[in-house]
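A short worksheet on the structure shown next.
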Amino acid sequence: MTVRNTSDNLPNPVRPAFDTPSTEDGVIVNIGPSHPATHGTLQIIAELNGERVVRADVHCGYLHRGFEKECEAHTWHTLIPFVDRLNYCSALINNFAYCDAVETLMDVEITPRTRYLRTLLSEYSRIADHMTCIAASVMELGAMTAFLYLMTIRDWIYEHLADLTGARVTYSYGRIGGLAHDLPEGWLERLEEILDEYEEYIGRIHGLMDRNRIFIDRTRDVGVISTEQAVHWGFTGPILRSTGAARDLRRDTPYLAYSELDFEVPVGINGDNYDRYYVRMREMDESVHMIRQLMHMLPKGPINVDDRRCTFPEKHRVYTEIESLINHFKLVIDGPQVPAGEVYRAHEAANGELGFYLVSDGTGTPHRVHVRAPSFVHMGGLHKLLEGYQLADVVSTFGTMNMIGGECDR
Amino acid sequence: MNAGDQKDGAFEYLTTRKDELVGWARKFSLFPYPFVTACCAMEFMSVSSTMYDTDRFGAALPRFSPRQSDLLMVVGTITHKQAPVLRRVYEQMCEPKWVMAFGVCATSGGFYQNYAALQGIDKIIPVDVYIPGCPPRPESVIDGIMQLQEKIAGSSHPIVSDRF
Amino acid sequence: MIQDLVVHGTFIVYAVLMLMTVGLILTWVERKQSAVMSDRIGANRAYLRIPFTQVKLVWWGLFHGLADGLKMLLKEDWKPNSYDRVAYALAPWFAFVPVLAVFAVIPFGGEFVPGTFFGWFEGPSEFFGDRSYSMQVAPLDAGLLVVFALGGIAVIGAMLAGWSSNNKFSLLGAVRAGSQMISYELVVGLTVIGLILIYGTVNLVSIVDQQSELLFGFLPAWGIFLQPFAAILFLVAAQAENQRIPFDLPEAESELIAGYFTEYSAMKMGLFMFAEFIHIAIIAALFTTLFLGGYNLPYMNDAGLLLPGNIEVALPHVVVVLLQVTTFWVKVFLMCGFLILVRWSLPRFRYDQLLRFAWRFLLPLALINLLVTAIAVWALRGVGS
Amino acid sequence: MSADLLERLRARLVDEGREAAFAHGLLAVQIPREALLDTAKLLKEGFGFDLFLDVTAVDWPDRDPRFDVVYHFYSTRDHVRVRLKTAVTGTDPVVDTLVPLFGAAAYMERECHEMLGIGFRGNDDLRPILLYEGFEGHPLRKDYPKEREQPLVRYRE
């Protein structure tokens, strides 16, 4: 039944940058891709001297699913589900960033309600994403109970989003020129409840971790990076902010409704793992603050723009008017006709600058879709954060980097 | 079953009792090896934590060493680059072992029909349970685990074989 | 003579059975307690069907441990290609047996007079006469030293396992295990010397006996009241020797896969894991013996109750023995629960921090504790008393 | 302030004979490939575009310089973006590497190399990063069939 002893014939998919230790007592250790701490999609080939990492060679790509190629075979609309699966921790932010890019190219202005709703849902997703990141990184440090608390509250968020979108993780909720549908009855009331629960649970995490001597020892002054180095290596998002630079696209180049919101940009001091943890914790609080404001600002009105180039006609009109029927068919079969041109739009995703570079040749299918994925850039500079620290620090540093395979490898 | 395996009643009775006992032990002690790669990881985290809690089925002590695990949970898309790693992990696992394809990508490649994604892990390793969904809801994962338990309880467990 | 054999044989069987059961139950306690701590339900599906009926006993998932054990027995026993065969096969036993053997010197009850115990049966009563035994497998005068001697062997298991597995992660785990256990063994030893100073003996029975007295007429003279710092230090160091979170570096899951037993499968792995659980019980038993008055119920000695104000209530021997044995196990279980509570609350250390913690923090504290104890004992009793 | 900066940048580049125009919120500059390194240096040192966002390429199979290599830069001081575009031919798709200027370029150039076959002169570490050793062809080129698999493991059956 089983096939054995063929292991030696299996090819090695990567070529390490070094295969002999640089010193006599060095050992080369391969960590990943199937290692409990590397999320299954990263391989770190490290040279150890004792427990100290001398050199590290980071390989990603184990989750390269051909997203960009796949996009060229789909219409502008039907590739939204693929976009979801880039950063699957916060799929809605990807959705909206992509839709925003296409809308910019089409020169469509979204309705006020959609604008506020997208902002609200982006922040809501950001909470879920940061929660996943913190949960995973504290679990890798051995704190199971904190992990399970965070999972509980995240599950409520997932179920709540499933209430809205029909899916727990990958929502496909954004549409070019709007959203799939409006909020269901009672959704905002439940949101209020969840935010209250969130505060209680996050209080427990603060109690378990913040001043925990072991946690501080494990994360303080580990994986330190300076602002200059971080910018040099292209880091953005919480990792850049942990170094003390208040760079946040929501503040710097406001999009959606962020210019009308009151929020702070939390920054760290050292750029170490503890700062990254704490920046994420603070950002979640800011997100909650923003959601509370948005719940009151949310205007009434339509959610889809009245633009026949991208918005589907209402169902009853499809069944009664020939123009709408043809319009529907054209949108489904040919896709929205996006004017030729190219655009780069970036949103502040949970991990950093998520940019969509779209090239259209004027048809219903993109000519080229390129994603500037924060995780991928972060992996490019990861070795800087690992070298000189201990083997055990690989785990905590990698955890706070929040590498998401789908986004990194696309 | 060939002619040499003709058994009398008492022996058959003992064999079934033995299978029942071994099946009982094996089905309630499934140490999973989480081969977690993609989006399904989010649901894997959910299903193994508080709200859904696979520990209830005795399947929540993840052993990250393939030697010590019984159930290979392939969670997420397997790409051609990942395939040798998965195959190697499968080969390193000790008998008896079961494989669960968690989500459509592991089952069939999902909607990634392109050069990079492996079109279903059953092209390289045998699979016992397929769980559909992109990603599957935790309930369907639990259903998958229970179906696997039934399968284990209902199959025969040879104690003396060529391998073991 | 034959009577001694019978009694000690019974003790050995009882100790081994009890330890196995406790180990098994602890696997369940760990699962359930961690589940309760994180609002889960925990294992609850494994059932035992009473033969020839359809009655299924679930008992809150108690049988999951049995299923685990049986499954591990029936799993393929894998051996690495290039390895030291003997070392690889012996390693789990080196980890398991010393832990089990430590229990031999721990008294789990007070004076046991079989003749009186079986008072209402003619046969046993005559057979045993008026012999009396202290309830422990090996009544050694140097009991405490034996504990440390055997505890030192357990590290060899981890080292052998890591070395013979032909795996870099195992080797790293073994190196970590070696340095960690040696460092913390030292701390454990130093914390206990304070107690030895106070009690003036290394005989565990006599140590427990002295704890049945009262301090100031109302406080049980338990080690924890005499040596509170030593108790805390002992607990920390013992948890470290047990290699559980926050000190589980030799098998740190997210760093070293499964540490020194990464390459072990089936029951060999089971032995390592089981040894860990029994080790919890042993630590709890040692702590109980040294610091919590052992089998002593407060205000009770071998004769009966001794309440504050010198009120004595005599109890029959049977009741005393049963009470003592029960007290012992209750204390052990409470301690186990506490150790598991710690394990599920804290993140783990880093290797260098762990060693620094032992050498720069615990060791000086233990030395200070020892010094203060020595001065206090000298001042209270005078030299040479 | 930022509009002012971009206007100065545009004027400077137009003076050097480049094409520069605003499109969808950023300044897009078309440069010949020889000028890439100098322009990038000018952007980084002269105008403060310190964050290297992205490098990728676009394949136009029917056009004569077949590939457009596209760079995006961001200024963390002034919060503006700029896009550099340079065309290279299908027969000699090579540009200069930007690794000495921006560390972030290393990974992205590796990706661009394996995905579209663009060479980066001066970057000696162009091992596959998203793909694997032994993968033939460049999947993001329009002439690579989407479903052409190159499995590493022999299939069962």
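Each chain carries a letter (A, B, C and D) given by its place in the written order, and its residues are counted from 1.
We adopt the following convention: a residue touches a chain if its C-beta (ideal position, glycine included) is under 8 Å from a C-beta of that chain, and two chains touch if they have at least 3 such contacts.
In this text the structure is predicted, and so the values were computed from the model without any measurement.
Peer 1: Identify the chains in contact with chain B as well as chain C, in label order.
Peer 2: Chains touching both chain B and chain C: A.
Peer 1: So which has more C-beta pairs touching, A-C or A-B?
Peer 2: A-B
Peer 1: Give the label of the chain whose average Cα location is farthest from that of chain A.
Peer 2: C
Peer 1: If you average the Cα atoms of chain A and of chain B to get two centres, how far apart are those centres in Å?
Peer 2: 30
Peer 1: Using mean CA coordinates as chain centres, what's the gap between chain A and chain C in Å?
Peer 2: So the centroids are 47 Å from each other.
Peer 1: In angstrom, rounded to a whole number, how far apart do the mean CA points of chain A and chain D lie?
Peer 2: Distance between chain centres, rounded to whole Å: 23 Å.
Peer 1: Whole-Å distance, chain C centre to chain D centre, using C-alpha means?
Peer 2: Chain centroid spacing, chain C to chain D, equals 64 Å.
Peer 1: Among the residues of chain C, pick out those that touch two or more other chains and give their numbers.
Peer 2: Only 38-40, 253, 257 qualify.
Peer 1: Can you list the chain A residues in contact with two or more other chains?
Peer 2: Correct list: 10-13, 35-36, 61, 64, 66, 69-70, 148-149, 152.
Peer 1: Can you list every residue of chain B that touches 2 or more other chains, as numbers and ranges?
Peer 2: Chain B, residues with two or more chain partners: 49-50, 64, 81, 84, 87, 95, 114-116, 126, 163.
Peer 1: Any two chains that touch count here, so list every such pair.
Peer 2: Chain-chain contacts present: A-B, A-C, A-D, B-C, B-D.
Peer 1: Quick one: which bits of chain D touch chain A in the complex? Just the residue numbers, please.
Peer 2: Spelled out, the residues of chain D in touch with chain A are 23-26, 28, 50-54, 56, 58-59, 70, 72, 74, 76, 79, 81, 83, 102-104, 106-108, 111, 115, 125, 127-134, 139-140, 142, 144, 146, 152-153.
Peer 1: What part of chain A is in contact with chain C in the complex they form?
Peer 2: 27, 29, 35-37, 51, 138-145, 148-149, 152, 208-209, 212, 214-215, 217-218, 390-395
Peer 1: Mind pulling up the chain B residues that touch chain A in the complex?
Peer 2: So the residues of chain B touching chain A come out as 35-39, 41-43, 45-46, 49-52, 62, 64, 75-77, 79, 81-82, 84-89, 91-92, 95, 97, 111-112, 114-117, 126, 134-135, 137, 163.
Peer 1: Write out the stretch or stretches of chain A touching chain B in their complex.
Peer 2: 1-4, 6-7, 10-13, 33-36, 39-41, 61-66, 69-70, 81-82, 85, 88-89, 132, 135-136, 147-149, 151-152, 154-155, 158, 168-170, 405-406
Peer 1: In their shared complex, at which residues does chain D touch chain B?
Peer 2: 131-132, 139, 144-153, 155-156
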